[in-house]
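Next up, some structures in structure tokens.
Next, two complexes with chain A in common: one pairs it with chain B, the other with chain C.
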Partner chain A sequence: MAARIELNSLTLRYAMASTPAVSGLSCTIPQGSCVGVVGPTGAGKTTLLHSLAGILGKHHPELMVSGNVSIGDESFGGISREILFPRVGLVLQDPSVQISGVRDTVFEEVLFTLENVGAVGDDSDSRIQLILRQLGIEHLAHRKPTSLSGGETQRVALATILVARPEVLLLDEPISALDATAQARLRSILLHLRGTTTVLVTDTQIDFPLSVCDRILALDHGRAVVFAEPQQLLSNDQSLPMIGGWQRWRDIARELEGRSDSSHRDTTRILKAIHLA
Partner chain B sequence: MTPRIDISVKLAVVLLLWVCAFAFSWMYQALLCLVVIAVRFTIPAFRPQSQRSARAFSRFLLYSAAVAFLVLLLNSLLIRGGTSYGTILGFALYEEGLLFGLRTASRLLLLTYAVLLFFISSPLKDLIRFLQTRGLSPSFTLILLLTLHFLDHLPARIHQIFLAQQARGAPVDAGVLARSRALLSLLSPLVLSSIVESIDRGTALELRGFLNRRTNCEASIPSGEGWNFLTILILILSMVILILTIFRWLPG
Partner chain C sequence: MNLTFDNVSFTYASDRPLLKSLSFEAGPSDVLLIVGQNGVGKSTLLKLSNGILKPTAGHVRVGGLDTTEQRISKLAREICVTFQNPADQIFAPTVEKEVSFAPRNLGRIDPAGLAMQAMALCGLDSVATQHPYDLPPAQRKLLTIASAVASGAPLLAFDEPSAGLSQLEHRGLERILASLKIERRGLIVVSHDLGYFLRHATKVLVLRQGETLYYGTPEWLAVNEGVLRKAGLKLPIPERVSRMLGQRPEQPHV
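Our next item is the complex of A and B:
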């Protein structure tokens, strides 16, 4: 079951920092939607994801927090100071560190998560098989988790999180080390999750989020520059140079809008079709 | 398929060898060292799990033997007393120093070989699982896991950093003096990258609910599996040897 995320004037400042990592962030992410968090390095994308997962609040008790985060019905009065797994699952930028190394096969590696959360039962085997099938890695079930390629490791890391059925899935720059085929596969996985899991994907470039997300949250120096649907973002008159690839897509969108056979409403659909092709 | 024996038996064997290293005279210790090497080649359950483990065992065997020889030599040269057995480079070798050196070196070898035998023949996951079923806290398991992972990947990481430094012109393969200077350029990235990776790996395990494992996994992992009979036997033997040593009933 997906959960709605609500950020209310969220400001996060590290103890020694002169400026906040996240500043006055407010937005509502509907349950089951997919949101792309884009922005340059240091924009606060990873900080935001880590705060939602609870890892930031736990590891940085000195962190100055104002505003509030709510996930589903639960309001944290700031941010969570406890790790929220399995409710919220986070896949780190380097998925290889997510492989524990204490299990011989991919199947056992995924089972390790169920053991951790105390969810091992009669249906565990079928649950794991289903996840592996959905992610297209059922053929890797008996392979050693540390002997896989970058794309395969990414999907195994995703499986280790998804098997716990999180309400919210957070992906920190998931395509940074993926080739085009692996990116396309990840895109279809995220499209498959739409409606059942609330997903937040970060990236420095807009290309991937544009092709898969319902909304884009653009951050710059910890502030929300824009939070809009892809077609609004591309037809926006506001200049967004801090988002990698935005100018190129806006040029394409404008060109398409100029054509008589293309309505404004269809622009994003066409863009997505081009991108997916 | 490699025959497996319970990890608790292997741990008990290590404990027994450690007790022996402090209980018996150097001759028995040296004999036990040879027994350990023989066990590595003869008993399937104690054979290395991979070619890499086998290579590591041979290499460590050589290194520890070299260190033991050095300990023996230094002690016999520096500790004076008893009969003199001759001179090396103008330094006299004395009986007392030689005996003390033999005791220290053989003890060192036995302690090292016992630990080596355990680690080359035991999968990490078996050890972790065993410790968890015996009630080890997830935080301690996490530290152990990260340390063992770091040690496991150390040679590959050193090689990687060595190549990277070589590529940017650091004199890593020049003379001894230049190499010593270049050592810093190898050490600092090694330490930093290891710290960063350990933090990331620990975070990732936390994010998979690892630290809540004890409370969560009671139903999923059979805890407190009965102790192996052989383990109990070896533990009793270790205790007996220890008690006999304390009361000086064994030849020290």
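Our next item is the complex of A and C:
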């Protein structure tokens, strides 16, 4: 079952850093929703994801934390100091780090997750096959995980987390090495998870989040600049230079505006086109 | 100085052929964009271009030198290949040492000066004394680009150079590409970022199942989307949406 996430004035400052990586962040992410976290380098996207996964405190024991994170019924009095997998699954920005290297095939690498979380059962094989098929990598099942291309590795890393069926799924720039077909597959997986898994997906560009997310959280220097539904965001005439690719969408909306009199209808048309594209 | 692939095929040991009969060329001021689905062999192709891998059939030539007959160290003077994952190549304890490694190792005149220029071009001068792994991933990516620029090689090959870069760094990359063009250096770019690189490309090579599906101008490709579809690729979302809404493309050829 998906979990609601609540951030309450969350501030995270790395030891020795002059400014916080995440600063006074408050927002409520409804259970089962898909949130696109966008912003430039250093905006705090990865820090936010790592704090939700419970690995940040482990890796940075001297981290200064104020505010609070709640996931589902659990409130952490700050951030979780324990790794929350498999309840919360995180796919790292560098997927090669996620490959254990101790298994000979992609299939066994994905099975390794189920072994680690004590979830091996009669249905393991079919569960793994299904994930590989959804991601379009069933042909890689018998390949060596460390011999794959960048985009293939990215999808195997995804499979090792998805197979655990986390309540909360955190994806750190998951499409950076994916071709258009693989992106479309990930998109349909995320649409399929809507309602059952709470998803946060980061990107430096707005295009992919706009096509799949029901909310966009734009961060800049650790602060939330915008937290809105795509429809609201597209009707927003603000200049949002921290969102990569935003200007192009403003231009598309403006050109439509020039041809009609209802901006509401325009944004609906754009969103419809995005979902069809 | 040209990179030439002449009917090149490549097979990894005990596997089926990955690349089949590829022929193309990239010279000074060229930006050759190579696109294709994940696993089609794009990164392998880059490793063939500087002799890390040798073709199973056909010839790869760098400035007329056949890669099967030359030492990699000699080819490195002419072509510098940057990997997709910065962690695969960064090893020095500071940014400055990393960037100056190639020009020093290749015996270029004034390696420190070349490194300084490259760091300035890539916006890394302010972090010159930092450890590369203290930098955010996007800056590490720029660090690998700076290292290639500083190498002084007339041909540069980049594997997904824009991956993970945000708006600001995209603009920085724009500056780097413009500067390399003025220097008449030839670029070979593997990327999924069609929206960005179709604007800069002088030639495009589209691969499908290890074979050439298309080799020609970006202008033709932009109006013949079917080729991209056949290769399992698409124009970027904003371009597709814009066309669906009956708008003019942003760029004449995108």
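Here is the rule we go by: the second predicted complex is superposed on the first by the 260 of 277 C-alpha atoms of A that agree within 3 Å, B and C clash if a C-alpha of one lies under 4 Å from a C-alpha of the other, contacts with A are read in each partner's own complex, and residues count from 1 in each chain.
Heads up, the rule we're going with is that contacts are C-beta pairs under 8 Å (C-beta built on N, C-alpha and C of every residue); 3 or more make two chains touch, one makes a residue touch a chain.
All values derive from a computational prediction rather than experimental measurement.
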- Message: Looking at the superposed three-chain arrangement on chain A, would you call chain B and chain C a clash or a fit?
- Response: clash
- Pick one for A:E255: touches chain B only (first), chain C only (second), both, or neither. second
- Count the residues of chain A touched by chain B and by chain C, then name the partner with the higher count. C
- Query: Looking at the overlay, what does A:R155 touch: chain B (first), chain C (second), both, or neither?
  - Reply: second
- Report for A:E74: first if it touches chain B alone, second if chain C alone, otherwise both or neither. neither
- Would you check which partner chain A:I55 touches, where first means chain B only, second means chain C only, and both and neither mean what they say? first
- Looking at the overlay, what does A:G39 touch: chain B (first), chain C (second), both, or neither? second
- Tell me which partner A:D94 touches in the superposition: chain B (first), chain C (second), both or neither. both
- If you stack the two complexes on chain A, which partner ends up touching A:G244: first (chain B), second (chain C), both, or neither? second
- Applying the touch criterion given at the start, work out whether A:D123 contacts chain B, chain C, both or neither, answering first, second, both or neither. neither
- Item | Selected from 95-103, 167-175, 221-229 or 239-247: the stretch of chain B that, after superposition, runs into chain C | 167-175
- Task: Once the two structures are superposed, pull the chain A residues common to the chain B and chain C interfaces.
- Result: 94
- Given the complex with chain A, which residues does chain C contribute to the contact? 36-39, 42-43, 84-85, 87, 136-139, 159-160, 163-170, 192, 228, 232-234, 236-238, 240-242, 244-245, 247, 250
- State the interface residues of chain B toward chain A in the complex, per the touch definition above. 123-125, 128-129, 145, 149, 197, 200-201, 203-213, 215-221
- In the complex formed with chain B, which residues of chain A make contact? 53, 55, 58-59, 83, 85-86, 89-90, 92, 94, 97-98, 100-104, 112-120, 160-161, 164
- Spell out the residues on chain A that touch chain C in their complex, using ranges where they run on. 39-43, 93-94, 96, 140, 148-152, 154-155, 173, 176-182, 204-205, 207-208, 210-211, 241-245, 248-249, 251-252, 255-256, 269-270, 273-274, 276-277
